[in-house]
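To keep things simple, chains are lettered A, B, C and D as they appear, and every chain counts its residues starting from 1.
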Amino acid sequence: MVITPIHYIIVPLIAAFAIPLISKIHKELYRIVPGIVMFYNIIISFVLMKEVNEVGYISEIIAGWEAPWGINLIITPFSGFLVSLISVLGFLIWLYQYRFKKVIDVGEIKSYGIMQMLMITGAIGIIITGDIFNLFVFMEIVAITAVSLTSFYRGRDGAEAGFKYLLIGSFASAMVLLAILILYTQVGTLNMAEISERMHLVPQGIKATILILFIVGFGIEAELFPLNGWAPDAYSQAPGPTSAAFAGIVVKAGIYGLIRIIFTLFDIDGAFDFLIIAGLVTMIIAEFSAVKQTNLKRMLAYSSIGQMGLVLIAFGIGTKEAVFAALFLMFNHAIIKSLLFMTGSILMYNSKDKTILSIHGIAKKLPYVSILFAIGSFAIVGLPPFSGFWSKLYILTAAANKEMILLIIAILAVSIVEIVYYFRVVSKLYFAEDTEHIEIFKPSINSLIAMGVLAITIIVIGVYPDLITGYLHNAADMLLDKTSYIKFVLNNNVQIQ
Amino acid sequence: MKKVLVIILLVIIGYFLAETFINIPFGENRIGDINLEKPTAAGYYLSNTTEKSKVANVITAIVVNYRGLDTLGEVTVLFLATTGIASILYRRKEEEENAETERLSLPSSNIVRSGARVLFPTIALLGIYVFIHGHLTPGGGFQGGTIVATGFLLMLISYKGFNTNHNRMVWIESLAGLSFIFLGIWGLISDNTFLGNIPEVGKLNSLISGGLIPLIYIAVGFKVAVELTGILDILLKIKPKK
Amino acid sequence: MNIFFLIILIFFSGAILSFIINKIAPKFSGITTFITIAVVVFLFFTQIEINSITQFSLGGIQMQFGVNNYTYIFAILVLGLSLLASLYSIKYMQNNDRLGYFYSNFILTVTGMLGIIFSRDFISFFIFWEIMTWSSYLIVLYNGKHSSKSGMKYMIFSAIGAYAMLTAIVSIKGSYGTFIISDAIQQGAFNFSENIYIPIMLLIGFAVKAALMPLHVWAPNAYSKSPMSFTSIFSGAMSKMGILGMGLVLASVYSQTTNDNTFSVLVLKQVLGWLGGITAVMATIYALIQTDAKKLLAYSSVAQLGYIIVGLSTGTKLGVMAALFLAVIHAVFKGALFMVAGAVEKQVGTTDMTKISGLIRKMPFTFFTALVSIIALAGIPPLGGFVGKWMLYEALITESNNYFLVIVIFFSSTAAFLYSYRFLFGLFLGQEEKETEHVKEAPVTMIIPMVILALILIVTGAYPGILFEPIAHGMHYLGFSDVNWDMSVLVNVWGEESNMAYINLSIGVVFVVVFLFLTIKGYKGTKNVGTKDISTSGEIPTENENLTFQLDFFKPFERAAAPLYKRSMDKIWNDLGNALEAIFDFTRRIYTGNGQTYALFVIIFLVILLIFKNTLFTN
Amino acid sequence: MQEEFNEIFLKYHEIITLGVYGTAIGLMLIGLYAILTKKNLVKIVIGLSIFDAGIHLLFVGIGYVKGGTAPIFSPGYENAGNRMVDPVPQALVLTAIVIGFAVTAVALSLVIRLYKHHNTAKIDQIKSLKW
């Protein structure tokens, strides 16, 4: 069977529907099957990435209906890159949690595996679909799984976080739905390429309204201020691997939605400036709020929001260079923040009252986890020679090329704040006396492997960024090349065999 | 104070919505001529459904075939809702034993109970009819499934001892979901496109027609029925605090 | 393989190796470090050709490695000092925990410094700069809980500096399209008539590492809290990286002075000069009241860096030469002094000058090093410190006519005598304390580097030409032509080797004679009296009473300078920090915890966007 | 029958427009009002449902075509393709309704758990996660 984009969706779905059955055969299977699926995702990604870098675009139409009429899945270097990233992360997150849950019995593990897997599938779906309503459906898949996963643990305030997420999340879906509705009345189609082609027909006032509705809808998923009230709660209450998936995967999908709307669908002025302003405000408020946090995961959540702000700023600058930088930052943030959440949740689990104050000197007991956390912290604040440095550098360079000095200063000032709160944790981790002797829960070997792979990636990319810059440049070019996208989807809808 | 603020905000939103929809005249034909070479999406569906999808109900064709991936997603959302609710309201084994896990049941009289017993098969039958005829008449898998689930709801609230067979439900749910996907994969194999329609047997507007569409809709119907019943079952199982 | 890459690779693998070895055999971790640095030193001096350039690209950015005459000065300084410091650490750090952590960061810091020296483009410069920063930050943290605050301060200020630098770097890229340092200079990136903020930002970045007022507040704590074997390169070599950068920028700024920007350059000179002068004075005054030898040395470092910056700010041949000469000499003697402090700390267990005294008998070699270094520090002839300061005064008086600054510097230089005296006398001279009876001389591997440094001081004092030659070459690279030794009256007369050698020899002979005389007489004729042995005066002191004369040593002076201590820069920064913290605490209250409020935010955001939709989004 | 209807439609066009759009937008605003002001979690969930219902109604409303029939080619309507209402919004709203249902179900289960955990269903009293 030829590997096509639809495999991203049907394989996990088969697994999801089959897991309740196969778990009757053997108890271990429902833990392993998601891993196999994730691994298969990686294979698909690599095959498709290789192809897409030669061909330029891969499109697959569903049910044999040509592009404007049926739903098409489309992989560009941009989406292909994100999807590969998500696949790899998804697999690592599975690897991390594989035996984690065995030790801590807290909930229905079967559902956990299914939901985690389908959340990743939903995120992939958001990215590869070429149809706006289909995007909405995948968004809902992500939203429902995310809410359920947030409230997975019973001992915590998961339900509260979940409810807030659901409340704000249903606003998001309502806004997107409303936007799709208005859009449909104006252009009479749901295919994104065709919408983009016909966008000039839409009157300006209505166009702006649609854009605003989309911005609010996807902004909620992309953690734009002030739409991100749910995020710190959800991140801090979700199980560790899920927080990692939120930061690495779900937010990326949200950002992708926003970017896709603004870059591909709309031809409206001011959207880029809006992105810069919104990103800046988001970044500043989130990073400021992070400083005084006592809950490590909450702190990481704010930091994550701040980074998303930076991504939006980079997209808002809008040049090819800036988009490249934004992609690089998304990549970095995905791996680094996942690593931080993975290590952070182990640290938190082992602290007595689940606050930063009580992880004093835990490094002696958990040396590997601590050093991985330290690597993550160093990388996220952008210290060389870790990968975070390069993305920050590229963003700043892109801003400098547009002579936005104040923006540069703001970004760097916020970076200092970032250094303050990350290094505070690291120094506590290593150099404070440990006061409490508690039973230490050591991570299993597979978790360590997963975290180690992320850390090694951080260092390798940091030392030799050329490994991925080529792909990223390609992706950035393609994102900005709207016309060839439209042309490809609408005219050349020959199915690639 | 807050209410005033909210009302002001809502008035503004209402104004902008109205402003937008004033420009979208009600009842206007936005489909255009369906026989154009390149019609709008709706026009394309209207002009091609009978020939290419071989079903009479255009909406069904859209739901199951043109936009089949949406429906797959939709089914997944329902599936996830069931899974999610199960995990949200999950209890540990020991909790299960200690807590009184009796289902919430309203006091129901004999009349209700016997009525429910009589009505249940009828409702179920109606539901099954609706999803079997999804490609011919208004309705389909979701509607039919919901109707079946209401039958179960009736039984659940009128009989304290009425229990759904969890095991069987899991089987039906999984198999229905899998058959949807495998029917799609059948299309992938034969037609080289997921959910590709298999050449039709039978004539338009007859029960056996429309290629895979009715089959998929039946699978959806089963799945929806079971999932909704499952959700109701879980939600009813929670005993309110005394 | 390219020699530059090889060196960096050796360093990185050395860092990893010393970390791993510590897990297996902690004893060999230090030796690994020493060998790594020794190998690099060997490679550097045998394989590297000055002015050879290696081009490569990383992450789509063109980069260059190379060593020029100017950076060569600093290379010698960094490599020499770190070699000695690593030798010194082997014994000094013995019995400590987490040696792998210490040594790998030690190597990384040296890597960072050498990388800075190698870099001919801003990006690799910045990368190594940051590696140097964070690895040294980690070492500052090494001593545990009580150093985490000073570590944080260090990191924050370093970050401010580094990011100021990064702003300038990307602006250069934005305006001139290059990251290569020499190209940027050629295209006038540092030309004040084109833009002012790029050089200023860079200077701020370097000034942090060079501990210039008002960005110096991290330095005293960071210097004194980290292990002494590291501080000797921290204060000795790393601060010179700031000087390296400042020299480069300032030289370009001055050489590109045209009629348009004479005034702004003049302002820069004055501001920088005065900042340097004030740094020197304030740090000296603070050094005076320290009772901890380490802290005293730390403040003294800041003061000395102030002189160097004053020298650089003049922008004249003599001034810059004085600055560079002082930089090298300072590295040597401050490296030695911190090693002395470390040796005392190691052998006695404290460096509190009110607790110990009279170590001269116990630790003669350490005393010798301390004596020589203090002579250099205080600027007493015939050692290098005197030569450097003399040239500095001369430059200020004859070339820039900045008499007020001379007075300031002179005051600070005189005050430096006071603390030098305190250091030397406090630790080594005077009566012995009972607590120090058991003290022995430091192990030989610690003595060797100290003595080597002391000898270097003596030799360079005698033959300053050894240093002036590379400095002259380096200045030539910076654009100062015709740099000769006869610029200074002093060097003109003394700098020639024959003259100085006589003086040196005679002083040496006198020293040896006096030393022998005192030693012999000391052993025969003097009685060794402890501080508590004063029963003859009537009152018998209790055991716990502190009778070292270090206590309240400069009490009158302290009283006189009290108003100065009240308003320290530290406090201003602390207040700023507290204000910021309050802001941070306020912002997070936006997240009220009520889901409904969040929903309201969404609606408000939506409404605001809708109201302004026509101004925000236009066709 | 059809003609009669068309006549009525033309005659009361404004009122019908107002009725459909007004009801839909009104429902949305009512739902939003409930979400933003009601303290009880269940009421908030009901508000969400009403809000959704408004949007769904709009969907159905915009699909209507003057004088159109149901988009089913039942016997007798084989060639009615040009007078059918827009089928797409109807298909979409089907999906949207099901999704809305799923969200509501999850929301209610969360409410149940919140009520058990905090022993209250007031949203402003459930604030253990803040700042």
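By our rule, contacts are C-beta pairs under 8 Å (C-beta built on N, C-alpha and C of every residue); 3 or more make two chains touch, one makes a residue touch a chain.
Computed from a predicted structure; not experimentally measured.
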Check: Using the mean of all protein Cα atoms as the middle point, what chain has its own Cα mean nearest that point?
Finding: A
Next item on the list: Return the chain pair with more inter-chain C-beta contacts, choosing between A-D and A-B.
Entry: A-B
Item checked: Furthest chain, CA centroid comparison against chain D -> C
Item checked: Computed distance of Cα centres, chain D from chain A, in Å -> 31
Note to self: I'd like the Å distance between the centres of chain A and chain B, where a centre is the mean of that chain's Cα atoms.
What the structure shows: 30
Next item on the list: Measure off the straight-line distance from the CA centroid of chain B to the CA centroid of chain D, and report it in whole Å.
Entry: 16
Next item on the list: Indicate the whole-number Å distance between the mean C-alpha point of chain C and the mean C-alpha point of chain D.
Entry: 70
Item checked: Contacts with two or more other chains, residues of chain A listed in rising order -> 133, 137, 140, 144, 147-148, 151, 159-160, 162-164, 167, 185, 190, 205, 209, 232-233, 289, 292-293
Next item on the list: Please list all residues of chain C that touch 2 or more other chains.
Entry: 588, 591, 593, 595-596, 599-600, 603-604, 606, 610
Notebook entry, point to check: Listing for chain D: what residues touch at least two other chains?
Noted result: 32, 35-37, 44, 58, 62, 88, 92, 95, 99, 102-103, 106, 110, 113, 126, 128-129, 131
Check: Hey, how would you classify the chain contact layout here, line, ring, star, complete or other?
Finding: complete
Next item on the list: Please name which positions on chain B make contact with chain D in the complex.
Entry: 2-3, 6-7, 9-10, 13-14, 17-18, 21, 24-31, 33-35, 41-42, 45-47, 49-50, 56-59, 62-63, 67, 70-71, 73-74, 77-78, 80-81, 84-85, 88-89, 136-138, 142, 204-205, 224, 231, 234-235, 238, 241
Next item on the list: Quick one: which bits of chain C touch chain A in the complex? Just the residue numbers, please.
Entry: 57-60, 123, 126-127, 130-131, 133-134, 137, 141-142, 144-145, 147-148, 151-152, 155-156, 159-160, 163-164, 166-167, 170-171, 173-175, 197, 581, 583-585, 587-588, 590-591, 593, 595-599, 601-602, 604-606, 609-610, 613-614, 616-619
Check: Where on chain C is chain D touching in the complex?
Finding: 588-589, 591-596, 599-600, 603
Notebook entry, point to check: Residues of chain C touching chain B in their complex?
Noted result: 600, 603-604, 606-607, 610-611
Check: Hey, which residues of chain A end up touching chain D in the complex?
Finding: 133, 137, 140, 143-144, 147-148, 151, 157, 159-164, 166-167, 170, 173-174, 177-178, 180-181, 184-185, 190, 232-233, 236-237, 289, 292-293
